[in-house]
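Going in written order, the chains are labelled A, B, C and D, and every chain counts its residues from 1.
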Amino acid sequence: MSRNLLIVGIIVALIAIGSVALFYLQRPETTRKVVVYAYNDRITGIDPSVEDDTGLVVLGSVYEPLLYYDPRSDEFKPALAINWTRNEDGTEWVFKLREGVVFHDGTPFNATAVKISIERARDIYRSTGRGLGYIWDMVSTIEILDSYTVKFVLDYPARLDLIAAASYAAYIFSPSVIERTGASDILDGKIEEWFNQGNSAGTGPYFIEYYRPDKEVRLKKFEEWWGWKIVNNPNAPDYVIIKILTEPQSQYNGLTSGEVDIVSSVPRDYVGQLLSRGYKIYNITTYHNYILFFNTKRYPTNLKEFRLAVAHAIDLDELVQLCMKGFALKGSGMVPHNFPGHVDNLTYRYDLSIAREYLNRSGVETPITIEFLYQVDYEEKRILAETLKSRLHQLGIEVVLNPQPWTALKDIAKGIWEDPENTPHLIIADWWPTIPSPYDYLYTMFHSESKEWNYAGYENPYFEELVDEAWKLEGVDYQAALEKYYQAQKILFDEAAAINLWDEVKPFIYNPKIEIPREAMNPLHMYVIFFQYVRVG
Amino acid sequence: MANIRNNKPSISGAVKNVQKAFQTKTGFVAITVRAWKRSSRFKIGFVISSLIIMVGVLAPLLAPYPRDGLGYVPEDALQKIRLSPSRDHIFGTDTRGRDIFSRVVFGVRSALIQIFLVVSSSLLIGLFMGVIAAYYKGFIETLINYLIELFMSIPAIVIALALRLILGSGLLTVVLALIITWWSWYGRVTYIYSRSIVEMDYVLLAKLSGVSGLKIIYRHVIRNASPPVLVQAVTDLGSVLLEASAINFLGLGLPPDSPEWGVIMQEGIQYLSISPWISVFPGIFILVTALGFSLIGDSLREEVDPKLRRRWRLWF
Amino acid sequence: MVLAVEAENLKIGYEDEEVVWAVKGVSFKVMVGEIFCLVGESGCGKSTTGNAIVGILPPYSVTDGVLRILGKTVIEGNKRDYTGVRGRIVSYVPQNPGSSLNPYLTVEEQFHYVMNSVYEWGRKKVVEEATRYLRMVELDPDKVMDYYPHELSGGMQQRTAIALALSTGAKIIVADEPTSALDAHLRLGLIRLLTRLRDTVNLTLIFITHDLLSAGKICDKIAIMYSGRILELGPSGKILTEPLHPYTEMLVDSVPILGIMKPLKTYGGEPLTPGVEVKGCLFLDRCPKKFDKCAENHPAPKEVHERIVECWRYV
Amino acid sequence: MPVSLNYIVKRLFWSILVLVGVIIFSYLVIILSPGDPAVKWAGNPRGVNATFAIEAARRELGLDKPLYMQVFDFVAKVLTGDLGISIAYKQPVFTILYSNLAATLELLLCSYIIVLPIGIVLGVYSALHRDELIDDVLQSFGTIMANTPAFWLAAIVFLLLVSAGSPVYGRIDTRLALETGFQSITGFYLLDSILQGNIVIFIDVLVKLIPPALIIGVYPLGLSIRLSRTLMAESLTEDFVRAAVAWGVKRGRIIWKYAFRASIPPLVQVFGLAFAYSLIDAMVVEYAVFGREGLGRLLVDALNYSDFKLAIGLLIVVTAFYLVINTVADVIQALIDPRVRL
């Protein structure tokens, strides 16, 4: 009996050892150039007109807008449009399109595609409120002048070049999808369904070969892409695998085991260690900022003095270290660094005596209890919440923590407009822009019309007027517009409706066997890596 | 051997029988006393559990940084981030510079509260349902058995998820999720024991002589069925802790800054390869506590079921 | 004459919270070719004694004294060693055939495991032999071999068990109430079979029964057990006709014996509860003929009229 | 205890009844918990189309109908495998659940296949050496194993693996899969790789599977060491074991073919329960520590996306899984007993 057991045991052990040895000896040589990119969130959808969230990471490589805009250098780069003109008051824009471009399905790119794509984004937003098509809100008609020329007629002046370079809702897809899906019109839900099944119909350098939004998205090089000649990168990856690894720890493991080449979010504490092990880093100052809203409709945060007291009790230097491990720039104003309209010196000074003075002036009796709503799955927000709770405790302000998943947080925070008394006093949210304009930040988060995102419940007619004027002025006098945006931010700062805590610096860590040049990332396109520029091996 | 040594007159037989009957009393206390006398496992378990309970009671005195223990981030957090275990912080510190030892010590309280709430409530519900089913029979019996089977089949963790989405995080979520599933086990055990008790002559007699149902249930059925169920409950204390901490570990239960072992481990898990102490120490406490209760439970069970207790020798 | 089984002051107890002695010191000898009966009420220790001979005392038992089987010491003090005894020298006809056959194996498989273990026989040879043994106990092999025990009737199970016991080829067979599940005609057949085997292959039989009558019919020697002691041991004819011990008398009086006309009597009283200690004679409580001395001690065995008796009246 | 076909039919019927009960229970959770059920079902939608989505959810649930009709419709829907589209994944809930269930199941099965024989052999050994030192050691080991929080052990093992320079993560090396042209058909990668003769992937998947499988196996290991000892101790005193001993059957055969054979039915039953319990361990370990796909990740996603549909889907699927395993265990237990008349 026991002898048989021993024999079986030995055989099993031998097989195990043998197979492991085989495994390490027989690892096939890499023949194809593959880049594995670990992304930290599920893909919420890949309809180029509707998607307003994490789908960007795929869309960015599969579709192209008319133009790209790099805020770091304030430069436009032609994409599907090669040049464009505008009339004097900025209400008519004519785009000349690139010729000889084909979609992934082989159909040619032309003006019709542009018209249909943009109208679909705009109209879906107009009819259902979904997506970010509001950026085309001012577009009244799109005229096809010839196959490769389109004319946009606007209701009011706007910087349509900036809008056309938006990271969402500005992608051009092939009109053939309407026919292929049997959709009745461009608004038909069948089209979205078709896209979300993992189909692509763009002009980008990669197309989707395999799509599992919860696991991985495999992109394959699109050989007919018009830009290969221009990019001239023979080492561009043949395949790109976007691997969904939500846990920072998993990203770390993937990178160190060599199965992943680029990681988007290892725990920040690990960065130093990884660099010392020879991994390379691409730090990008993002437009992703963390904003702490005060509920301006509920006692005691409806009192400006109380809000200022809290603002001065927050040690941003400490928080940037503690929460972001230094991977952030202290916030100033509402618009992040390097973004059009950013202003310096709109940062509250950390000084507890000032804070106490404001607290006295506010007349709020301490101890007082306030509630803090934050997103539970962000480690840095948890640290922030717990630290804030401990610090405000010194001022006699007790903070009750209310961690929620993102969707629940949105739901509760929006309640400020209907039921402010049951909405927490402090709400933290983070934001990244769709269009390269301060309007994106100031309107969406502080305008009383934007009930979806204005978690402060902030209403200030003077501020709103300034922002609205600035937006319309952008198409006419950009500098004057920026000045108005500055004034608007000054108002927010003085009133302390919200605090811009920090702008995130995103460290992308990657395996030294690949190369990521500067142009492979654009802070406007959050998390997107333009793989056509990446060099493998 | 004892009977050979014994030279008392023959009446001693009868006396002995009485003594024996007295000894084999099935009351919970009697069982416990006997287990203490007989089993070293019981003693080890008892010592562990008492120590843990003492730590829980004395937490504010034992914790060197009681405010850290309660979840507050210390003033000098930046200087204390992820310190490895040292004399000042024997279990090290976490990502917010908090003393892990203090957190873990306060965690004893959360653990005990969760265990107590879950087991006592489930026990009450389970005893009630089991006894009712056994006594009233017929449709009620089938219905309750169906409910028992139903709730037995649902793992607590998925209920915790649903509750977390509805109620938000908090003690109530994790405790309620566990109670919803846990009572069914006690219900079943109670039912099995009560059914045999209900069949017994004295219960039938009491029924025939018109004693009210509730009185019979209380006097005979509950009293006789409860010791084995209680033993089951003691055995379960550790499992409740394991499951509760798993729920908290996944973020389905207590809020993130709570001094709870699962929560602390969850915080530490992503720093595992650079600061393992954050997750390792709370886990040891979970293991030791669960082990303590389990040792007690096992020895008690041996007392209830003498078959488990016989000495043994290989015989062929 | 060769000694088949020899017990010297054999004590067997079961360990619970303390040791409960089921057999409190028995001595007896069984010769090869003899049919020996252990008779007594349930709980008197006769099955325990039988188990000790077969080597299936439960693991929590305690022993003392000596037990030898064909010269090999199997029990000495609390040491037990049955290597080469079980199945090869001693075999066993179990008390409850229903639970004594493995419910998960067919009869053929069970024959295979037994015979293969003892003789290392292959499947074919086993089937052949099994057929022979089944025929011996008047079973139709076709209706038994491929069946599971629960598919057989009680009598068939019993006979299968006997066939299995015989198939080991052991020379000493301990049969614990082997006839309890059998109809009268089968019982007779079985008894004939066993006696024939004794005659042909010189089998030694140790019969354990509560039934003095059937014991008297087939046995050469009878041992009357009570409360863990052998109260009387002797040739069966003598025991049945001239019982010496009051207990034997009691048993004899309560059964009809062929050829002797006598009124049947019944006696009251219950045997002692195991584990309860008694001072004085073990039979004291029920003895109709007790006197002062009986209350002091249990008597030592004494040889009287070709018999060994434990009673103060013969000391 | 002899059972019959009747018993099996009854058992199946009862399980289906319980499953229906669970579905009804989950429906009651949807409509009786605080908040508008339609809003919850639609995943707390917002914006202009919110009313549209809520109305769609209201129609999906049939909230305007009488309660019993709602319940009936819901049960019918679930039983036909339609729980709507997940909010987090924008795919049918059951599709997501299935593909992830396969991942978890593969892990669990492997875990049990590795661990059970070891645990049983140790338990039997322990029973045969009862009250000896080795017995004490094994049983203490079993008790400790059964009380070890799996997620903690996972952390420790993981730490060791990382410091040994071989971090285990994920379920499959995607790059390797791409290069060797591996395709998943059944969702069970081990099976798929064997079917495709893809030995490289098979080993890759296996190497990644074993550490979490062993950790999840800790509980069944402890349980089987303890349980098989108890059961063996009991069955060793069975009459037929004693008879076989008396007939001189060899020791190994008595242990395995007689005594152990009698312990199999209760073992199967208890492992049915344990398997379902291990599912929880698997959900915690696979995702939180080893970053594998599976039901555990769905759990966290359902939480992070307030995906109520997915949560309810998980509730139903996990429970159904539990029921299936236990029913199968009960039925197997009945079937392997030759006394069952079919």
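Here is the rule we use: contacts are C-beta pairs under 8 Å (C-beta built on N, C-alpha and C of every residue); 3 or more make two chains touch, one makes a residue touch a chain.
These numbers come from a predicted model, not from an experiment.
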- Item | Most central chain, Cα average position | D
- Compute the centre of every chain as the mean of its C-alpha atoms, then state which one is farthest from the centre of subunit D. C
- Pair of chains joined by more contacts [C-beta pairs], C-D or B-D: B-D
- Task: Just give me the whole-number Å value for how far the CA centre of subunit B lies from that of subunit D.
- Result: 24
- Message: Quick check: how many Å separate the C-alpha centres of subunit C and subunit D?
- Response: 52
- List the centre-to-centre spacing of subunit A and subunit D in whole Å, with centres computed as mean CA coordinates. 38
- Item | Centre distance in Å when subunit A and subunit B are each reduced to the mean of their C-alpha atoms | 47
- Item | Per-residue multi-chain contacts in subunit A, two or more chains | 247, 249, 252, 376-377, 408
- Identify all positions of subunit D at which a residue touches two or more other chains, and write them in rising order. 130, 162, 245, 288-289, 300, 303, 306
- Set of subunit C residues in contact with two or more other chains: 55-56, 58-59, 86
- For the complex, which residues does subunit A have touching subunit B? 247-249, 252, 267, 269-270, 273, 318, 321-322, 376-377, 379, 382-383, 385-387, 389-391, 393, 401-404, 408
- In the complex, subunit C touches subunit D at residues 51, 54-56, 58-59, 86-88, 90-92, 94-96, 99-105, 113-114, 117-118, 148, 150, 161, 164-165, 167-168, 170, 174
- subunit A residues touching subunit D - in the complex, by the definition given at the top: 1, 5, 19-20, 22-23, 26-28, 30-32, 34, 36, 42, 44-45, 128-130, 196, 213-216, 218, 239, 241, 243, 245-247, 249-250, 252-254, 256-257, 259, 376-377, 405-408, 410-411, 414, 452
- Message: Using the touch definition from the top, list the residues of subunit D that touch subunit B in their complex.
- Response: 14, 17-18, 21-22, 25-26, 29, 33-35, 40, 128-131, 143-144, 146-153, 155-156, 158-159, 162-163, 230, 233-234, 245, 251, 254, 276-277, 279-281, 283-284, 288-289, 296, 299-300, 302-303, 306, 308, 311-312, 314-315, 318-319, 322-323, 326
- Item | subunit D-touching residues of subunit B, taken from the complex the two chains share | 146-147, 149-150, 153-159, 161-162, 164-166, 238, 242-243, 245-246, 249-252, 265-266, 269, 272-273, 276, 279-280, 282-284, 286-287, 290-291, 294-295, 298, 307-308, 311-316
